[in-house]
Amino acid sequence: MTALALPTGVDLHLYILGTLLAGAGVTVVCTAGALVLSVAAAALLAGLQSFGGVAARVCVFAYVEFFRAIPVLALLFILYFGLATIGLKMSPMPAAILGLGLNGAAYCTEIFRAGILAVPSGQSEAARAIGMRRWQVMRWIVLPQAVRIVLPALTNLAINILKNTSVASAVAAPEIMFLARNLVNETYLSPQIYLSVCLVYLLISVPMMKLAGWLETRVGVTAAKR
Amino acid sequence: MARNLETWMPLLLSAAVQTIELMLIAYAIGLVAGAFLVAMRLSTRRWLAATAGAYVTAIRGTPALAQLFFIYFGLAELGLVMSSYQAAIIGLGANAAAYVAEIYRAGIESIPRGQVEAARAIGMRTPMVYRYVVIPQMVTVVLPPLCNQGIVLLKETSVASLIAAPELMLRTRELVAESYMPLELYVIAALMYFALAFPLAQAVRLLEQRLRHPR
Amino acid sequence: MPAEPAPDRLAAPGAGTREIVRNEKLRKSFGDLEVLKGVDLVVEQGEKVVLIGRSGSGKTTILRCINYLERPSAGAIFVNGARIGRVGADGAERDMTDAEIAAARVEIGMVFQRFNLFPHLSVLENVTIGPMRVRGTPRAEAEAMGRDLLRKVGLEDKAGAYPERLSGGQQQRVAIARSLAMQPRLMLFDEPTSSLDPELVGEVLRVMRRLAKEGMTMMIVTHEMAFAEEVADRVIFIDGGVIVEQGPPGDLLRRPRSPQLQLFLQSVLERR
């Protein structure tokens, strides 16, 4: 990078824009991957919590409390730098997605648990009264309604994961923050570049915040009517 | 290993104290600035409300790391140079203010309109309404979310290590650079954060239960 | 509260009558609070029994014990001759499994005070989900039966609508159709009209009257005294967790013998 001369003028703007957009793409991929991992793991954990015995519930509690109490940065360092010393080398992106996913799963488990509890008990009573078994009640009556209820919270979780991807820059994941830092080292245009980065984040997060708000009003209406 | 721990622990513990210091100062700033922000947000003057709203959205929609980078590196380029510690305090404080303002707002809006109307009906003006009707009831509503925000802030201080602000994560990185034992050190650091955050989180949970069923 | 001995209806049923429900020495406590303090009750096929009493007297709890939504603390419940909740002879007794309880509940229909319709399903789907998922009835058959039931309760034009668009009275009629779709032998009604605006009560009572005329065995908890007088074969007054008086509605409601029932009827009449 230092061997090549820095482009100037319009080319410079295009270079910066291109780099930031590439970074944004990686950021989105990272967020999506971590979100999928979070939801999948949380579904498993929430299931264990609801249907498992005392031992299962204790394990889920330990997992949730631990991964909510440690900073994401520490977790990423452990996964990327720490595990390498015992032979488990990971490249930056998998480490980032794994770390963000493990962290996200902890929050998501709580979201799922709250969602299931939010379905009025009368629903499962009515379902039981027509002879449904517990798994049928879950499958046909409780879970479909719980999913609607948790959508706003899940959207907010997605926004948080998006913001957390910035921390992955510390383990050299090629997302927008990392690329921005390199750009600043090259061009010294730090205020412009960091503001642009903020703008890019806002372009993704503000629509998501609006979506969460809209989902909340829709869920709120149906919940209030009961 | 034991010998390493002997050398590491005093350093890590003093860094942990720095972390707590950083968190408390930023939190104090957040609590105060948040109050001003929410006052602006709920003001009848539209430009005040819009500005505060834009600020809150901008902070909540961007990562704290980007905000810290802008304040520390970006402003320096524009002539405003400061130490990483100062940048961390300003950045984390300004960040917390936005979240705190939203917590305050939710608390205020949780008071039923009818009570405010009743207070006005007996002649109270707005400052009195807040002092005697809104704020006393708001306290129980905002206390748990505010405490949770404190815990979030505690973990957020780790991000300040990336602008070389003196706190636990930075000290851990320095020790890793010396000793080449990242796994042990980062796990210890994580456990130290856990030791701080977990009891606080349980305390908040107890607080929430007590507030819901006062006996 | 001293309970007067109720006129005994627990004599062994004569040949030819079928006991649909039998409660023996039913007790139920919620924590420290004992809500049912020994209830003995028999309901025969085709009988319409109305339970009346103050809030907290235990009348709803009796209903909820019968379909095992509440687990009795002591005593036995038999539906259609089979014991609910526990199986096996003395000494080798065990609690029923989830599957066994669910199977038992197919025979019992319950209509709730707050309807409890499934909001994410249409009216027709609410009625057909039981037959389809629990009994395994094929969709076409279930839907045909469902539409027929909706016609019976006067709502066949609402088959595709969702519960939130229906009035309270309409929702409750759908709830009745949903229970009937399982072809139960016994229908339990837990204050079916208490959540309804007064002008909507009539349409639900009409459906219940028609069910009664068709010979369904019904146990109804209600405050609607006029309806009770019209439909019930027997009215049971519950107070303090025990049956205080029971008998034909004409007798019980117009010539109450126990002081508790007299007080209760006075307060109910004051409400009008």
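Letters A, B and C mark the chains as written, and numbering starts fresh at 1 in each.
To be clear about the criterion, contacts are C-beta pairs under 8 Å (C-beta built on N, C-alpha and C of every residue); 3 or more make two chains touch, one makes a residue touch a chain.
What you are looking at is a predicted structure, and each value in this text was computed from that prediction instead of being measured.
Common neighbours of chain B and chain C under the contact definition above: A. Of all the chains shown, the one with its CA centroid nearest the global CA centroid is A. Distance from the centre of chain A peaks at C, each centre being the average of the chain's Cα atoms.
Contact counts per chain pair peak at A-B. Note on chain placement: the centre of chain B and the centre of chain C lie 55 Å apart, centres being C-alpha means. Annotation: 48 Å between the Cα-based centres of chain A and chain C.
Per-chain Cα centroids separate chain A from chain B by 20 Å.
Counting only residues that touch two or more partner chains, chain B has none.
Of all residues in chain A, none touches 2 or more other chains.
Contacts from chain A toward chain C in the complex involve residues 120, 122-123, 125-134, 136, 140-141, 144-145, 148, 222, 225-226. Residues of chain A touching chain B in their complex: 65-66, 68-75, 77-78, 81-86, 159, 163-167, 169-170, 177, 180-181, 184, 188-191, 194-195, 197-198, 201-202, 205-206, 209. Of all residues in chain C, those touching chain A in their complex are 67, 69, 98-99, 102-103, 105-106, 108-110, 112, 114, 116-120, 129-130, 133-135, 164, 175, 178-179, 181-182. By the touch criterion stated above, chain B contacts chain A in their complex at residues 57-58, 60-67, 69-70, 73-78, 151, 155-156, 158-159, 161-162, 169, 173, 176, 180-184, 186-187, 189-190, 193-194, 196-198, 201.
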